[in-house]
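Order of writing sets the chain letters: A, B, C and D. Residues in each chain are counted from 1.
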Amino acid sequence: MKILITGFDPFGGEKINPAIEAVKKLPDEIDGNQIIKLEVPTIFYQSAKVVREAIEKERPDIVINVGQAGGRAAITPERIAINFQAGSTPDNSGKGPKEGKIEADGADGYFTQLPIKKMVTAMRKAGIPAEISNSAGTYVCNHLFYEVQYMRRHEFPNLKAGFIHIPFLPDQVKNGRRPSMNLSDMVAGLTVSIKAAVAD
Amino acid sequence: MKILITGFDPFGGEKINPAIEAVKKLPDEIDGNQIIKLEVPTIFYQSAKVVREAIEKERPDIVINVGQAGGRAAITPERIAINFQAGSTPDNSGKGPKEGKIEADGADGYFTQLPIKKMVTAMRKAGIPAEISNSAGTYVCNHLFYEVQYMRRHEFPNLKAGFIHIPFLPDQVKNGRRPSMNLSDMVAGLTVSIKAAVAD
Amino acid sequence: MKILITGFDPFGGEKINPAIEAVKKLPDEIDGNQIIKLEVPTIFYQSAKVVREAIEKERPDIVINVGQAGGRAAITPERIAINFQAGSTPDNSGKGPKEGKIEADGADGYFTQLPIKKMVTAMRKAGIPAEISNSAGTYVCNHLFYEVQYMRRHEFPNLKAGFIHIPFLPDQVKNGRRPSMNLSDMVAGLTVSIKAAVAD
Amino acid sequence: MKILITGFDPFGGEKINPAIEAVKKLPDEIDGNQIIKLEVPTIFYQSAKVVREAIEKERPDIVINVGQAGGRAAITPERIAINFQAGSTPDNSGKGPKEGKIEADGADGYFTQLPIKKMVTAMRKAGIPAEISNSAGTYVCNHLFYEVQYMRRHEFPNLKAGFIHIPFLPDQVKNGRRPSMNLSDMVAGLTVSIKAAVAD
């Protein structure tokens, strides 16, 4: 199989984004499956455009978008993408999202096609804190997750797609007021998640 | 210098205690200073007895007790030991503490002699979440911290002593509902803390 | 207008459920609109059956289901109901949910028809902590929310429906380790929410 | 008996301080004991000066200082005042504290003379979330608590003194990201705490 895995670039004043850091450290092959890594801009619609181009070029079997969920203490595969965007923080284009639906004719929500429960089980077995999340929020992460599901519905029906949120890196929360996770644990968690997804 | 560093054994139904795990992984020498590692039982008074014997035998310059503070997201050197014990959980002897003063004639509180602010700064510089804590609680951790301070006051006036709390290991909180820290980060944090303490 | 507002009965070992306590304290009329109050059992499918009967009998314009979200510190109107149920705690029939879809042919998610942003604004203006929630979980609360949306889609297209989560009452968390909200604040919050909904 | 109870004025950009709001709402007499209410400035040393003047003038049997602990979900009587001040936020004089000891010749810590366990029990019995706190922090609250203990030790040996931290008011945390408590619950909690203190 061919797996396209993406990570966002740094945003919101952070110098690094654990998402792209962890994605970059993945091997190029997992259990004989090809891993294609892609950095995407933390920008509404633009991020989806970049992923679409990669899907058209690479024709992956699975797409996994990875993003940071600051404040969470576990790796959290997302269950559902929702057709709504909001948020007061500007994205990396300098503008915040126009509050409202992402796609005028899209469904209210789309479930992921990834085996999120098996992924969580595999991560916990590997000693990595993990839990299914029922909300990817309303910012760029959910936006990209939704857009890929929308594309899948209309253009790439055989694609399996999903989103994984990862915590802050220790270096991002030096005062320890919020939880963090070591980069090597993130990479290990993503690796066993990918194995669970391809085995499904 | 000679540094005695202790870690508690597992308690409360846990199979491992990050405290002794991290202590065991420290090198035997840091910046030319001898590191003496000691496992102590999670038992009121008994833990203090074991540390006293090691102090008498080894005559260390510095004593650092390490314990787990489940739920914290950072390594937290403690500022003050208080003359009070309480808690409904039985210790490893099967009994809980008798609620009240630890030492009838002891001071209400004793400040640590360790340079906790410098230790926190050194850990953060090394990318490890760290913060000073103003309370070691009222269970075995504070008890041992207090007892060593009480000994110091009455018998070992040249000793510098203190307590460092560390988070859960990832493996202890697999559902990620509480924060954790990688063992290698704990070891790195304790190492730079020891360096800061000996340099003080 | 006619508003049907429901609250769950106590479950999970609790003696009271703030949901039904707060609902019972609402006035019978708000801004000239009739308020019909209904206690529903904390049981999968059974709760939906009871609400369906009330909808058929009363033909309300608006249905608002109220449930407890222990651990939240604000009143949180929910944005989306999802077609998924899970949970290891037995409901009040003594059985947990069969993990999986709630309705085999239902959409993955349904957005509420309530003006949740206006409701939150109204509550905050009244001094009540409030925030939109993007997940009602996967237990009985989301189940009932989803089932009412599913009914609406197939049978009652003119109905506006939604779900509001409320915190623990102070009496439920006497050690203060989790947030709570005073009953009078809950009643005030629900009242202004209803006003916002009928004005929409 | 005569009870002097103090509350801080608003600080840190807040328009109100729940401490003085709750204190002002206390009755002038509780169980036949006189309640003297005093607003104190949120300023290092100046707050202690104001309290000293009131002690000298009123000669109370009990002094209770009340302050806000934003983020806590319970009323928390404090166990110990520590001889240390720090903090980067300026107090109401526009300056932050000089980091270090509060009193050069003071003890490291002083336990309260109030029956904090009985106070917590009484509050919980009244349905108010309550818990003993082992740290009043290192800002103006702990400072005033410590200074009153220091005065007591050196000048007013018969005084019983202590500190009670209270949560945010609902109006201060409208987005509900942090816990709050209704003003009437705060007043009820302080009232039963005073009863427990005078009965001790």
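Criterion: a residue touches a chain if its C-beta (ideal position, glycine included) is under 8 Å from a C-beta of that chain, and two chains touch if they have at least 3 such contacts.
Quick caveat: nothing in here was measured; it's all calculated off a predicted structure.
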| item | value |
| --- | --- |
| Pair in A-B, C-D or A-C that repeats B-D, with over half of contact pairs matching by residue number | A-C |
| Greatest separation from chain D - chain, by CA centre | A |
| Centre distance in Å when chain A and chain D are each reduced to the mean of their C-alpha atoms | 47 |
| Centre distance in Å when chain A and chain B are each reduced to the mean of their C-alpha atoms | 38 |
| For chain B, residues contacting two or more additional chains | none |
| Topology of the chain contact graph, where touching chains are joined (line, ring, star, complete, other) | ring |
| Each pair of chains that touches, named by its two labels | A-B, A-C, B-D, C-D |
| Chain C-touching residues of chain D, taken from the complex the two chains share | 72-76, 124, 127-131, 170-171, 173-182, 184-185 |
| For the chain A and chain C complex, residues of the former touching the latter | 79-80, 82-84, 107-111, 134-135, 137-138 |
